[in-house]
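Next, two complexes with subunit A in common: one pairs it with subunit B, the other with subunit C.
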Partner chain A sequence: MTITQAKPPAPPRPERSTLRHGISVGLARRAWLRLSGLLSLPLFWLVVAYLGALAAMFVTAFWTIDSFTSELDKTFTWENFRTLVGKPVYRTVAVRSLVVAAGVTLIDAVVAMPIALYMAKVAKPRTRALLVVLVMTPLWASYLVKAYAWRVMLSGDGPVTRLVGTVGEPLYGLGATTVVLAYLWLPYMIIPLFAGIDRIPNSMLEASADLGGRTWRTYRSVLLPLLAPALVAGSIFTFSLSLGDLYTAKIVGGTTQLFSNVIYDNLVTANNLPFAAAAGAFPVLVMVIYLAAVKRTGALENL
Partner chain B sequence: MRRSVNQRFVAGIAAAVGLSLVLTACGSSTTSSPASPGTSTAGTRTAGSSSADSSSADSSSISSSSAGSSTGGSSSGGSSSAGSSAGESASAASNPVTASTAPAAPSVPMATSVGAGEGEVDIVAWAGYVEDGTNDPKQDWVHPFEDKTGCKVKSKVAGTSDEMLQLMKTGDYDLVSASGDSSLRMVYGSVVQPVNTDLVPNYKTIYPFLEKQRWNSVNDQMYGIPHGWGANLLMSNSAVVKTPPTSWGAVFDPNSPYQGKVTGYDSPIYIADAALYLMKTKPELGIKNPYALDDKQFAAAVALLTAQRPLIGEYWSDYTKLVQAFESGDLVLGTSWQVIANLITTDAKVKVTATVPTEGSTGWSDTWMVAAKAKHQNCAYRWLDWIVSPAVNAQVATWFGEAPAQSLACAQPDMTEQCKSFHAADAAYAKGIWFWTTPTKTCVDGRTDTTCADYTAWTQAWTTIKG
Partner chain C sequence: MILSRAARIWLGTLTSLVLALIYLPLAVVIINSFNSSRTFAWPPPGLTLAWWGKAAQSQGLRDSLWNSIQAGLFATLFALILGTMLASAVARFSFFGRETLSLLVVLPLALPGIVTGVALSNTITTVLHPLGISAGLFTVVVGHATFCMVVVYNNVLARLRRTGGTLEEASADLGADRFRTFRLVTFPLIRSALLAGALLAFALSFDEIIVTTFTAGNFKTLPLWIFENLFRPNQAPVINVAAAALIVLAIAPVWLAHRLGGDAAGGRL
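And now, the complex of A and B:
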C-alpha cells in the first residue's frame, strides 16, 4: 500500500498577488474610487435609462410630425400642448382617468384595511404567513389573464351578470374598469397597510382602551393617524398604476377610453410620437404634484 | 426592531418599484419608439441552426427569425398578424383613379438581372408572412427557401405600417410586405425601388386585377409584387339579427334594436367606413373617395360616428376579442373580417353571416417591395418569386387568412374552399373594395381646389368620437 502524497500547493504567483494587493491598497486609500466603483453602474442606469428617457420625452413633446412621410419636424412649438389643452375631449378623458384612479385607490383602501388589520393583529403567525402568501399569489399570474378572466365574468352570460340579474347585457364600462383595476392593484395596498399596522405596538391600542376609547375611537384617533404613511404608500401604487393602465379599459371598458389609451393610440396607430410625448406629460405631472403633496405631509420619511 | 427595519425596507422597495413603474410607463413612450433606428433589434431572433449545414456554399449558417415569434403561441401569432395588417394596411383607392395621373416618382434604378445570391436577405413583414416553423411546425416556407437559394432569411416583424416605414428608412432591410397606406409613402420617399417584373417569373400568373394598381405602381411601373388582400365585412349573428343586413346603415341606425351590441373597428381608419356610407347615401356631400375628405365631408363622417357611439358595445382591434364577444352574444352586429367569420363558424358556438354590403367596403391589399438600396438585391428578387409561387402563396394566405394574389395558388390542393371564401378570383368583388390608404392634406382623389383632413386629424377625431 502506497501512500501518494499530494503535492504541496504551488505558491501563488507573485506578480498576480502584487497586482491584487496593489488594487486593494489603492482602493483602501481612495474612498472616492470605492464609492464611484460601487455607484457608477446604478447611477448610469438611473441617469441614462430613467432620466434620459424622460428628458427625451419632454424634448420630443415640442416637435411635430409630417403625417405623410412620418418625418419628425424638430422645430420648437407649443402646438401639441395647445391641442391637448384646447380640445375638450382631452380634458374629459383626463378628468375621467383621475376619477378612476381616485376611485380605485378608495376602494382598495376600504377593502384592504380590514384584511390588513386581521393579518397583523388577529391572525396567528401560521395563518398570517398563509394570508401573506395568499395576498401575494395573484401577483404571480399574468395581469392580462386576470383582466380577461374578468371579461368573461362580466360578459352577457357571465357569472357576475347572472348574479346582478341582467343576463344578456354585458357589464363592460367605466364601472367595470374601476372594479377590475381595484382588484388588480389590491395587493399593493394590503402589503404596505399590513406592514404599517404590524409596526404599531399593541400597547398603543391597550392604552387607548384603558383611557376609555372604544373600537371606533381607537381606530380613528390612534390607528388611522399612525397608519397615514402606510396608506399614502399604498395609494401611490394604486393611483399611479391606475393612471398608467390602458389594457383594462380595452378589455372590460366597453367604449371607455382613459388617458393612457389616448397616448397609446397616438403612439401606435398614428405614430405621432411628439403628440404622445406631450400627452405623456400629463400623468407625470399629476404624479409629481401628488408626490410633492405627499412629501409636504412628511409621509415619505415615514415609509 | 429587526422586523420594523425589514418592513421599512420592503415598503421602500415597493415604493421605488411603484415609482419606477410610473416613470417607465411614461418614459417608454420615448424609448420604445419605432422612430429611433436603434430599436430595430427588438423582434429579431436567431434560430433554426438545423440548416446550418446547407449544401449551398454561401449559406453557411441560417439565421432566421420567425414572424410573430414575439407574440407567443401560434394562434395568437396568426391573429395578431391579421389584426395588425388589416389595421394599418391600406392602399390607394381600389376603384382606381388611373395611375397615369400620379405625380412622377423619384428616379431610383431598377434591377435588370438577377445574379448570384448574396447569401442573406433581410425582411420587414407582417406577423405570419415569414414563417420558419417556430409558431407551428407545419408553417415553414423559410427553410425550404434557404435550402433552395442559399439565402439565409433574417426577418423582423413590424406591428404597424408606420413602423414598417421607419424600419425601411434605416436601410438595414432588403424587403418589406408593405400595405397600401405605407407603400406610396415608401415610393415617394425613395425608400423602395421599382420592381422589374420580368425577373419574377411567378408574377405572370398573379391575378390581373391586382396588377398596376395605385397602391403598388406609379404611372404603370410596378413597385412591388402583389401578395394578398381582404375586405372588411358586415357581420351579424344570424340567430339574433334574423334578416342579415345588406347595408352599412344597420350599424349607423340610431333606432337600432341592437343598441349596445354593435361593434366598430378601433382605428382612425374606421372613419373611412362612415365616409363610404355617406358617399352612397348622401351624394350632396360630394364624397368621391372615402380617404379624401375635405372639412365639410370630414365633419359629416365624424358626426355620423359620434351619433353611432351610443350603439357601440365595444370597439375592437384585437381579433380574438371580437371572436369571443360574438360567441358570448355580447356583440351581434358590426364590422369584421372574413377570417374572423371563418373562426366563429369553425367554433360553431353561434352562426354568423358576413357580407360586403351594397355600399361596398373598405379593405387591405399588401405588396412585397424591394429597398432602394438593398444590400442583397439578388436574394430579394428570389424571395419575391418564392413568396408568390403557387404553393407558398397558398400556404401564407391560409395561415394569415386572406385572398392569395397568385392565381395558381387556388389550384393547389385544399385551396378551393380558401379561395372561395376569400373571393380570391373575383375581380368584381375586389373592385367593390376601397383598400385602405393614408389620408393626406393633398386630397388623394385628385382634387386640388381644397385640402383634406390628414391622418393626424383623423387620429384626433377618432379620440374625440370615442369621447
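And now, the complex of A and C:
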C-alpha cells in the first residue's frame, strides 16, 4: 500500500447562519427532536404495516364468509374459533405441527452442538472463519432449491432411495418433512450456539479440568448450563420457522398436512379469509407463550 | 488444552460429516442440471449443457427473475433507510420503551412467516383493495422490507455499538455540524456494515416465498415460478438449471458480506 500525504485539512469553514445551520443547531440542542426524527419512519412502518396488519387479522378472525356470494360478513361471531377447537381434524394437525417443530428443534440442537464446539474451541482462527462461511452459505442458497434437492434425493430413483434399497418407492412423508426442515434450519441453531460457546472463557473449562472433571463431565456441568440462552435463541428460530413452514410439506411430505397447509388451503383454495385469520392465531399464540416462557433466560437479547 | 485429544478428533469427524451432509443435496442439484437423462436417473448416464441453453430461453424464468430482482432492490432500499434510522436511535439514545422496540423489530423474524403472510393478505383484501391498491410489486416490497429491515438493523447496530459515540462528539467539538458529521464521520464508519446488511437483505428477499405467496397476486417472483413448475415433469430440466444457478448465485453475496462486515455473516443474522 502506498502512503500519500494528504493535503492538510482545510480549517472548518465558519458555519454561517443558514437554514441548514439553524436546523443543525436546533437538532444539537434538542435530543428528543433527533430521537423522534430517527424513530418516526421506522416506528410508523412497524406499527402501521406490521402490528396494524396483525391487529386487522385478529379482527377479521371474528368475521365469516357468505358461502353464496363469497362476500365478507362483518358481524362478530366466535364461529371460526369454535370450529377450530371443536373439529378433531384441526386438533390432530395442530398437535402434529407442534411435534414436528419440537422434533426439528431437538435434531438441530443435537447436530449443531459438535460443530459449534469444534468451531469455537478446537478450530484455528483461519479454519474457524472458513467454517463460519461454510455454515452460513447454505442459509442463503434458495430455500426452495434445498427442499427440492431433497425431493430429488428421496424420489423413487434418487440416491437416498437407492441407498436404502427401496427403488421405485419415493420416501416422502412426515419423516421426510421433519428431516428436511431440520436440514433447512440447522444454520440458525449452529450460529447462536457457536457465538454462545465462543463467549465462554477457556479458564472455566480449565477450572473444571483442574477439579477433575473429564470432557463429558465438563460438558454436562459447565458448558451446557452456560449455553442455555444460546440454545433457547436457536430454538426460537428452528421452532418458529418449522411452525410457519408451508412448502416443505408440499414438496417432500407426500400427503402430510401441517397446520400452515391448513391455513394456506383455507385462504387460497377455499377463499375463506376469516377462517384462515382465525387459524393464524394458533401459531401466534404458540410463539407468544414460547417467547414469554423463555424471556427469563435472556435469550431474546441474543436474537 | 481443554478438550481431550479423543474429544477433539470426534468433534472434527462429526463436523466434517455434517458439513458433507449439508452440501450433498446442493451438489446433487448442480450435477443434475448437467444430467443427460431426462428423468434424472441416478447416477447420471452422461453430462450435457443442453438444459442450460433451454433455461436461458425460458420466458417465464426470465420474467420471474426480473420481478425478483426488482422486489429485492426496492425491499433492500426500504430496509436500509428504516433499519439504519432505527439502529441509530437504539444505539445512541436511551429512551422509554427501547427494550420493547428492539423486541418489536425482530418480531417479523421470530413469528412464523405464515402469520405475516396471512396478516398482510388480510390487509390487502380488507384495507388496501377498497383503496384501489391490489396485490403486486408494492405489497411484496412492503412484506419483504418488514423482515429485511432486521438484518440491516442488526448489522448497523453492531457497528455503532462497537464504535461508540466518541468520534461523533470529537467531530462536533471540532466545529462540524450534524450533517457534516454524518457525511464525514458516521457514514464512513457504518458504510461496510450497510453494504453487508444490504447484501443479506437482498438475498433474504430474493429467496423469500412464504410471505410472498400471500402478497404477490399475479406478480410472480422467481421462487413462486420455480414452485409452480416444480411438479411439471417437462419443466424439470429448466427447474434444475434455475436451482443450480441460484445455489451458485447465493455464494457470492454471503462471501462478500463476510469479507465486508466481519460482524455481518458472523455472529448473528
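We adopt the following convention: the second predicted complex is superposed on the first by the 278 of 303 C-alpha atoms of A that agree within 3 Å, B and C clash if a C-alpha of one lies under 4 Å from a C-alpha of the other, contacts with A are read in each partner's own complex, and residues count from 1 in each chain.
Note that in this section a residue touches a chain if its C-beta (ideal position, glycine included) is under 8 Å from a C-beta of that chain, and two chains touch if they have at least 3 such contacts.
Remember, it's a predicted structure, so these values are computed and weren't measured experimentally.
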Subunit B versus subunit C as contact partner of A:G244, first or second or both or neither: both
Partner chain(s) touched by A:Y172 [first = subunit B, second = subunit C, both, neither]: first
Most subunit A residues touched (candidates subunit B, subunit C): C
First (subunit B), second (subunit C), both or neither touched by A:I236: both
Touched partner set for A:Y50, first subunit B, second subunit C, both or neither: both
Partner chain(s) touched by A:N272 [first = subunit B, second = subunit C, both, neither]: first
Partner chain in contact with A:V89 - subunit B first, subunit C second, else both or neither: first
Touching partner for A:D157 - first (subunit B), second (subunit C), both, neither: both
Partner chain in contact with A:M287 - subunit B first, subunit C second, else both or neither: both
Touched partner set for A:E79, first subunit B, second subunit C, both or neither: neither
Residues on subunit A lying within both footprints (that of subunit B and that of subunit C): 49-50, 53-54, 56-57, 60, 72, 151-152, 155, 157-158, 188, 191-192, 195, 236-237, 240-241, 243-244, 251, 260, 263, 267-268, 273, 276-277, 280, 283-284, 287, 291, 303
List of subunit B residues in touch with subunit A within their complex: 3-4, 7-8, 10-12, 14-15, 18-31, 33-35, 87-88, 159-160, 162-163, 165-166, 185, 188-189, 260, 267-268, 309, 312-315, 318, 321, 324-325, 328-330, 438, 440-441, 454-456, 459-460, 462-464, 466-467
Subunit C-facing residues of subunit A, complex: 12, 15, 20-21, 23-25, 27-28, 31, 34-35, 38-39, 41-43, 45-46, 49-54, 56-57, 60, 72, 111, 114-115, 117-119, 121-122, 131-146, 148-153, 155, 157-159, 162, 183, 186, 188, 191-192, 195, 202, 205-206, 209, 214-215, 218, 236-237, 240-241, 243-247, 251, 260, 263-264, 267-268, 273, 276-277, 280, 283-284, 287, 291, 300, 302-303
Of subunit A, residues touching subunit B in the complex: 49-50, 53-54, 56-57, 60, 65, 67-70, 72, 83, 87, 89-90, 92-93, 151-152, 155-158, 168-170, 172, 188, 191-192, 195-196, 198-199, 230, 233, 236-237, 240-241, 243-244, 250-251, 253-255, 257, 260, 262-263, 265-273, 275-277, 280-281, 283-284, 287, 291, 303
Complex contacts: residues of subunit C adjacent to subunit A: 2-4, 6-8, 10-12, 14-15, 18-19, 21-26, 28-29, 32, 39-42, 81-83, 85-86, 88-89, 93, 95, 101, 103-116, 118-123, 125-127, 142, 145-146, 149, 172, 174-179, 200, 203-204, 207, 209-210, 213-214, 223, 226-227, 230, 239, 243, 246-247, 250-251, 253-255, 258, 265-269
